[in-house]
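Here's the structure, in structure tokens; my notes come after.
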Amino acid sequence: MSFSHVLLQLIQGLLAVALAPLVLGWVNQCRAWLQNRSAPSLLQPYRVLLKLLRKEIVLAHNASWLLRCAPYVVFACMVLAACIVPLVATDLPFSLAADVIALVGLFALARVFMALAAMDVGTAFGTLGSRREMLIAALAEPALLMVFFTPALIGHSTALPNIVETFTTGPLQLYPSMAFAAVAFIMVLLAENARIPVDNPSTHLELTMVHEAMLLEYSGRHLALMDWAHALKLMVYMAIGIALFLPWGIARPHDWLGVPLALIAMVVKLMAIGAGLALLETLAAKMRIFKVPEFLGMAFMLAVLGMLIHFLVEA
Amino acid sequence: MFWLALGLFGLAAPVERGRHARLFFSLSAIGGVVLTVVGLAGLGNWPQAMVLGLGLPDLPFHVRVDPLSSFFILLLGVASAAVSVFSAGYFERGGGGDIRLVCLQYHVFLASMVMVLVADDAYLFMVAWESMALASYFLVITDHRVAEIRRAGFIYLVVAHLGAIAILLAFGVLQLGQWTYTFDAMRNAPLSTGWGAVAFLLALIGFGAKAGFLPLHIWLPEAHPAAPSPVSALMSGVMLKTAVYGLLRVSFDLLQVQVWWWGVLALAVGLATAFYGAVFAAVQTDMKRLLAYSSIENIGVILTGVGLALVFHAYAMNLLAAVALAATLYHCLNHALFKTLLFLATGAVMHATRQRSLGKLGGLIGRMPWVAALALIGTLAIAGLPPLNGFVSEWLLFQSFLLSPGLPNSYLNMFIPIGTALLALVVALSGYVMVKFFGVVFLGLPREESLREAHDAGMAERVAMGWLAAWCVVLGLVPVLFLRALDPIFQLMVGATLRDSLDASSWMFVTAVSPEQASYSPIVFLLVIVAVIVLGGLGLRRWFSVQRRRAPAWDCGFGKRNARMQDTAEGYGQPIKQIFQVFLRLDRHHPSPFDPRPRYHSRIEDPIWERLYVPVARLVDRLSALVGVVQHGRIAVYLVYSFLTLLLLLALIL
Amino acid sequence: MTELLLVLCLPLIGAFTLGLRGDRPWAAEANASFSLLTLLAALALTARVMSLGPQVVLAELFFVDAFNVFLVALTAFVGFTTSLFSRVYMRVEQDRGRVTVRRLRLYHAMYQMFMFTMFLALLTNNVGILWVALEAATLATVLLVSLYRTPESIEAAWKYFILCGVGIAQALFGTILLYVAAERVLGAGGSALLWTHLYEVKDQLEPTVLGIAFVFLLVGYGTKVGLAPLHNWLPDAHAEGPTPISAVLSGLLLNVALYAVVRNKVLVDAAVGNHLPGYLMMGFGLLSVLVAAFFLYRQKDVKRLFAYSSIEHMGIATFAFGMGGPVAAFGGLLHMTAHSLTKSAIFFAVGHAVQKTGTQVMSDIRGLIHHSPAVGWGLMIGGIAILGIPPFGVFASEFIILTTAMRDHPWAAPVLLLGLGVAFAAIFTRLQAMVFGDTTAKRLPRPPALLPVFVHLLLVLVLGLYIPPYLAAWYRQAAAMIG
Amino acid sequence: MSTPLVGQIINLLAAVLLLIVFAMLAQRRLLRLIHLFALQGAVLTLNTLVVAVTLHQSHLYFSVILNLVLKVIVLPWILIRLVDRLDLRRDAESVGNLPLIMLVAVVLVILSFNVALPISELAGTMTRGTLGIAMASVLISFLMMITRRKAVAQVIGFLSMENGLFFAATSATYGMPMVVELGIALDVLVATFIFGIFFFQIRETFDSLDIRNLENLKDRE
């Protein structure tokens, strides 16, 4: 593991952390256009973060240390995730530290801390949010795992870099199974990142909110970290999607020239996916919480179908 | 060498008559530590056997320590050390029951578990096995004036005894008549596949009754809440594992050949058990019941691993079998650690609050910071979160699942992945359960006034829980070193070694079979997370210096917020109740809109109890009523019986 | 020789002395001391036999071999401990006015007489005398069953008398047939009924006759063993008689009757060749286990409960002997020993419990361990032992029997599993309720005689963990002889 | 005196015995029953005597005397005394469905003949033909015990069963060895005494000897 690798790793990590709010801003902008509202500027998320960082912190009387630690832990988890997913290049030192399953575990860690923190103060909303979040996650995880199964079968590995390798190297080959997996993945992504139709990120309407309900007790820098982590999570998910389903352009090991190209490719892909996400959110409507199991069950079915098709057609 | 520890238990047992319970418990704690060391040492070196003077004629007690048993001895040692230290404090502050008796039974319990692990012939094994059941039964009914506790104990012992008879019959199949009761003889016994299957099924039933496989689990949620917390900790943490040990011993060691469908059966039962336990744990409102169901779930996960290993081994894919086995054993140890830890935590909470119902607890993180912090580690570990130990075993298990498509059986190739999804669901649900457990007990506002003067646990308790928590962390951070230590077991059981895959990359990285396949490094996780937290924290303090203010929690302007408004355990489980209604037997009664004092109540019951056990009991009732008619009271009728018997036999013989 | 005569004569003398002087206050002690002397004589006898091997004495009238000598020792031992127990027990009954002094005289005399018949049955070399002794045993105990003169006790005694009388009559017929067959080989006269001679020619005896003879013998002696469906006298007699009598009935009489069956089975087996007698015994054994199990499930009276459990265990032993083979026979012998020790201990404990609570109805007996921990634990441990939970002797024998059954006769395993399972649940739920929970027991004027209880249980425990070599040697010889 | 004639005599006596057993089965009056029982004993004795005389079996003489004393004189005497003491002289009972019982008895006779056949073939005695009858009378006495409701009648059935057994012993073999004979006789005697005691106990507890009073101990609610 040479110095250049470490450098690459650092660059990618910082890049991801820096760009995450931008991606969020881009999605919001697209959505505003699609709903022909006048869009906020791309940098709006940064302004919000800055404002929150400057504000004082207000804590409830019975708030415990857990509430205060949670934001840091959650943020750290997301940073780590961003370091692991091959965004621009595959030979990242940290990518050895976790395959997709470990990645899921990492998200789970963040989620559990968030949910616990939400229960800390003991308001009705906090617990409501945490239990809904945990429920959605519980239902999303099997689907996510099935999504990972198909590429893992094709790439004979659960490590993202190797999967990327198998797809990028060698002749271009069409995998119908991957199409199913991709659709399923998008559905899971919507559920996991609190997007419409599962949750509405831009509402504080009590009875519908999930993710926001957990953040009600946060203020100041804690809230900032939480939001930032949330943005990071969305971006990491997108990056996973890219790595699995359209990995072309990610720099191979040891070709330093590929890195800038990879950067450009990444930006393009992220913009495309963001736009697509915004489109989906515009078309779909928020669903009742007890419709979510059906939604995720659908995702699960698609993923299983993908796997079976792989066995029947491609294997 | 392990006689030191065993002797200590054995010696501690009879001398109990004194009232120096504290001394004895700490003695046995030392014994536990010794056992830990012994177990660790025993992992490396090869089997060593010896013969005791006792036993049946021609069948003295054979004793043998091989890597497998020493692994479980290690497990027992770690857990029992903690529990003993804890009990030293717990029972002194009145755990209920006669302390001396409890002390005696407790040590008999420990000693018999050791004997189970080292037994090398069927008779000694059965003796130790049943003494274990008996001792634990007496411990369960320590507080026998309560009717439910007696009922729980009764159910427990009946199930245990039926299981024991099944195991006995399994040994009956394995032995070849003429006193060949030693395990060595059984190993070399030529056994037809059919008989092997019979033996395996009997063993599965017998050990399943003790471990709590579906549908033999019903005693578990009854007995665990009934017992004093340290006892439930031992039962759930260690005793269930002895059943796993027995199953492994029989299916991998004594039975020479495996057939693939055994593994599939075990796999199916395991997944069903795990799922069942997870769902029921999610809807419990009593913290010990919740933990009991979560034990069922974990045992299911372990059995799943055993099943996978069996399938792989049956197809002679020994390396993969080794991976599955590694996951299984690792999860055994993990569960022993964090489940014991959590049960001890509940013990501390019950001592402090005299409450067991989740509906009456809450907000204890302020009152009992130590217990809360240690319990949090246990919670994260059992929820299977990196970088703690629970995640390692789950990761390994998922890896071996992902490797299953290599099997030369296309049905399995397609079905086992779906099983993987079920496992994922279980894992996620266990996360749900644990958030509920910790959140409701320790977070939020205290739901009862009495909780305000709850006191934190004493020194002994803290030490005990700290020891377990430390193991959770260590096993989470350096799994590779530990897996290397386990390697002899794999060589012994499935004739494959994980050495090359473990040595392939540095000690920081776990790999299932090869680094290309997948790798995971908890150390990196921890380091990066800590680094980010520290840097982030410092940076924020450095550039944005803001002051912090305490204020009442935001109540949406409602103004009259109180503790009763926060979600109860019941409410927290409600979505699960809604979604998995088909699996539960719940009678709910909603208040009518005109009810002046509306009350909502719902009760969850185990459908298996209703659908399986009650009918059986009714059947026995009916049969015995039938038989009762025979005892007619009229002497003439009795004479007719013997008359007819005579004639019948005459007819038979002519 | 002398020991043997002592073993036989001491109880007889005891019977007569107590018959004459049994109404004196020292009668109970006299009873105990006679039993003690008998025990010593029996021990001497066993020592002799161990050193010199089997012997035939007194013009071939009596003989001792490995099989009956250990039963003699067992019988003498249980007889002694029971006399110790009955000393206290009957005193309390007397205080309560349930028995008069005259009846006590009868009681003691008949107790010794019963012991005599037991020893006679065990030691005699003559098939006919064996029959006579067993009939006499019935006669000796029947008046004890009706000792309290309550309607129930009289009814129980009557049933006991009639059923066993009829049954034993069948056994006599069987014996006659046996004689018929033997006479042709051994010639007329006494020698044709002597075990020692019969065993020498056992394979020359006429199969068909012996087959028929065995049916009659099995039905006859089986009635006394208490095999279903011939068992109906047993629960009544156990429940209504004085508890010491229940103890000796369960602990000794059943054993001796089974001894008679087994002796004949060996003979017939050799003659008939096919394994028919074995299968008959296995069938009876399994049936008894099942029937007893389901009866256990519906009992309300504590003594009836344990009476049925005796039926169950006799069934197991019969099954074991039916299977045959040295291992199974070993298990059977061990089971006889362990059962008679354990069951008599249980009856001692039950007796005290009943006296403490003043009722035999189990639902009224509660929380024994509060007022009298010793009795409570005695009952609990005894129950655990009899339920076949290690490390007690009953488990050891059941272990051998079950594993062998699983190996040789798998078809029987499910039946045994069902029977044992139901029996376990049935007994244990009552046991728990009686021992634990809140108490209904009262203090008693006299301290209970718990020494016998715990001595027995200790022995059973030892049997489960360590069978001394000489005992094992006995068993093995006996097993080789009958297996 | 030629053997066949003796054989005929013995068979005749055997037939008489069977007849008596049937009569007992049907007999309602208690006193008559006792008389029949005594008669049965007498025939038995006679039969034994014949065998003893013809075959000069010395020990059979002894059992002749034993029979005469015990079964013809003592037992009936005791029974009659009891009946007097319990004043049951006039006592009679209904014996269920008589034709049916008779039918069963006949079936029993056939059965026992067939069971006895193989045995009597190889029994070397000249009296072997009567073994079937002996077994039949045992089984019929059994049947009688089943059908009777009065304690005394039941006991008589029991005793006549003993007679049947004795008859079997003399017919299949020339009597059991002496010791056994003595022992059996002793047992029977004692048994009768104890039965007597029981009559009084039952009488004073239930003030009737009807054993339908003795049906309370049972395992069915």
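Every chain is named by a letter (A, B, C and D) in the order it is written, and numbering of its residues begins at 1.
Following the convention adopted for this analysis, a residue touches a chain if its C-beta (ideal position, glycine included) is under 8 Å from a C-beta of that chain, and two chains touch if they have at least 3 such contacts.
Just so you know, these numbers come straight off a predicted model, no measurement behind them.
S.K.: What's the minimum number of touch steps needed to get from subunit B to subunit C?
M.R.: Between subunit B and subunit C, the shortest chain-hopping route counts 1.
S.K.: In terms of CA centroid distance, which chain is the most far removed from subunit A?
M.R.: It is D whose centre lies farthest from that of subunit A.
S.K.: Counting C-beta pairs in contact, which two chains come out on top?
M.R.: By contact count, the leading interface is A-B.
S.K.: How many angstrom lie between the CA centroids of subunit B and subunit D, rounded to a whole number?
M.R.: 70
S.K.: Centroid from C-alpha atoms only, then distance subunit A to subunit C, rounded to Å. What do you get?
M.R.: One centre to the other, that is 78 Å.
S.K.: Please work out the Cα centroid separation of subunit A and subunit D, and write it as a whole number of Å.
M.R.: Subunit A and subunit D have C-alpha centres separated by 101 Å.
S.K.: Which integer distance in Å separates the CA centroid of subunit A from that of subunit B?
M.R.: Each chain's C-alpha centroid was found; their separation is 35 Å.
S.K.: By residue number and range, which residues of subunit A touch two or more other chains?
M.R.: none
S.K.: If a residue has to touch 2 or more other chains to count, which residues of subunit B qualify?
M.R.: As it turns out, subunit B has residues touching two or more other chains at 628, 630-631, 635, 639, 650, 654.
S.K.: Two or more other chains touching the same residue: where does that happen in subunit C?
M.R.: Expected reply: 158-159, 162, 166, 212, 235, 295, 298.
S.K.: Between which chains is there touch?
M.R.: So, checking each combination of chains, I get A-B, B-C, B-D, C-D as the touching pairs.
S.K.: Over in the complex, which subunit C residues touch subunit B? Could you list them?
M.R.: That would be residues 158-159, 162-163, 166-167, 170, 211-212, 214-216, 218-219, 223, 229-230, 232-233, 235, 276, 280, 291, 294-295, 297-298, 327, 384, 387, 389-391, 395-396, 399-400, 402-408, 413, 417, 420-422, 424-425, 428-429, 432-433, 436-438, 464-467, 469, 472, 475-476 of subunit C.
S.K.: Which residues, counting only subunit A, touch subunit B once they are in their complex?
M.R.: 53-64, 66, 72-73, 75-77, 79-80, 83, 94, 96-99, 101-102, 105-106, 108-109, 111-112, 115-116, 119-128, 130-132, 134-135, 137-146, 149, 152-153, 156-159, 162, 206, 216-217, 220-221, 225, 289-290, 293, 300, 304, 307-308, 311
S.K.: Would you pull the subunit B residues touching subunit D in the complex into a rising list?
M.R.: Per the stated touch rule, the residues are 628-636, 639-640, 643, 647, 650, 654.
S.K.: Which of the residues in subunit D come into contact with subunit B in the complex?
M.R.: Subunit D residues touching subunit B: 111, 114-115, 142-143, 145-147, 149, 211-212, 214-221.
S.K.: Could you list, by residue number, the parts of subunit D that touch subunit C in their complex?
M.R.: Against subunit C, subunit D makes touches at 115, 118-119, 122-124, 135, 138, 142, 145, 151, 154, 158, 161-162, 165, 168-169, 172-174, 176-180, 183-184, 186-187, 190-191, 194-195, 197-198, 201-202, 205-206, 211, 213-217, 219.
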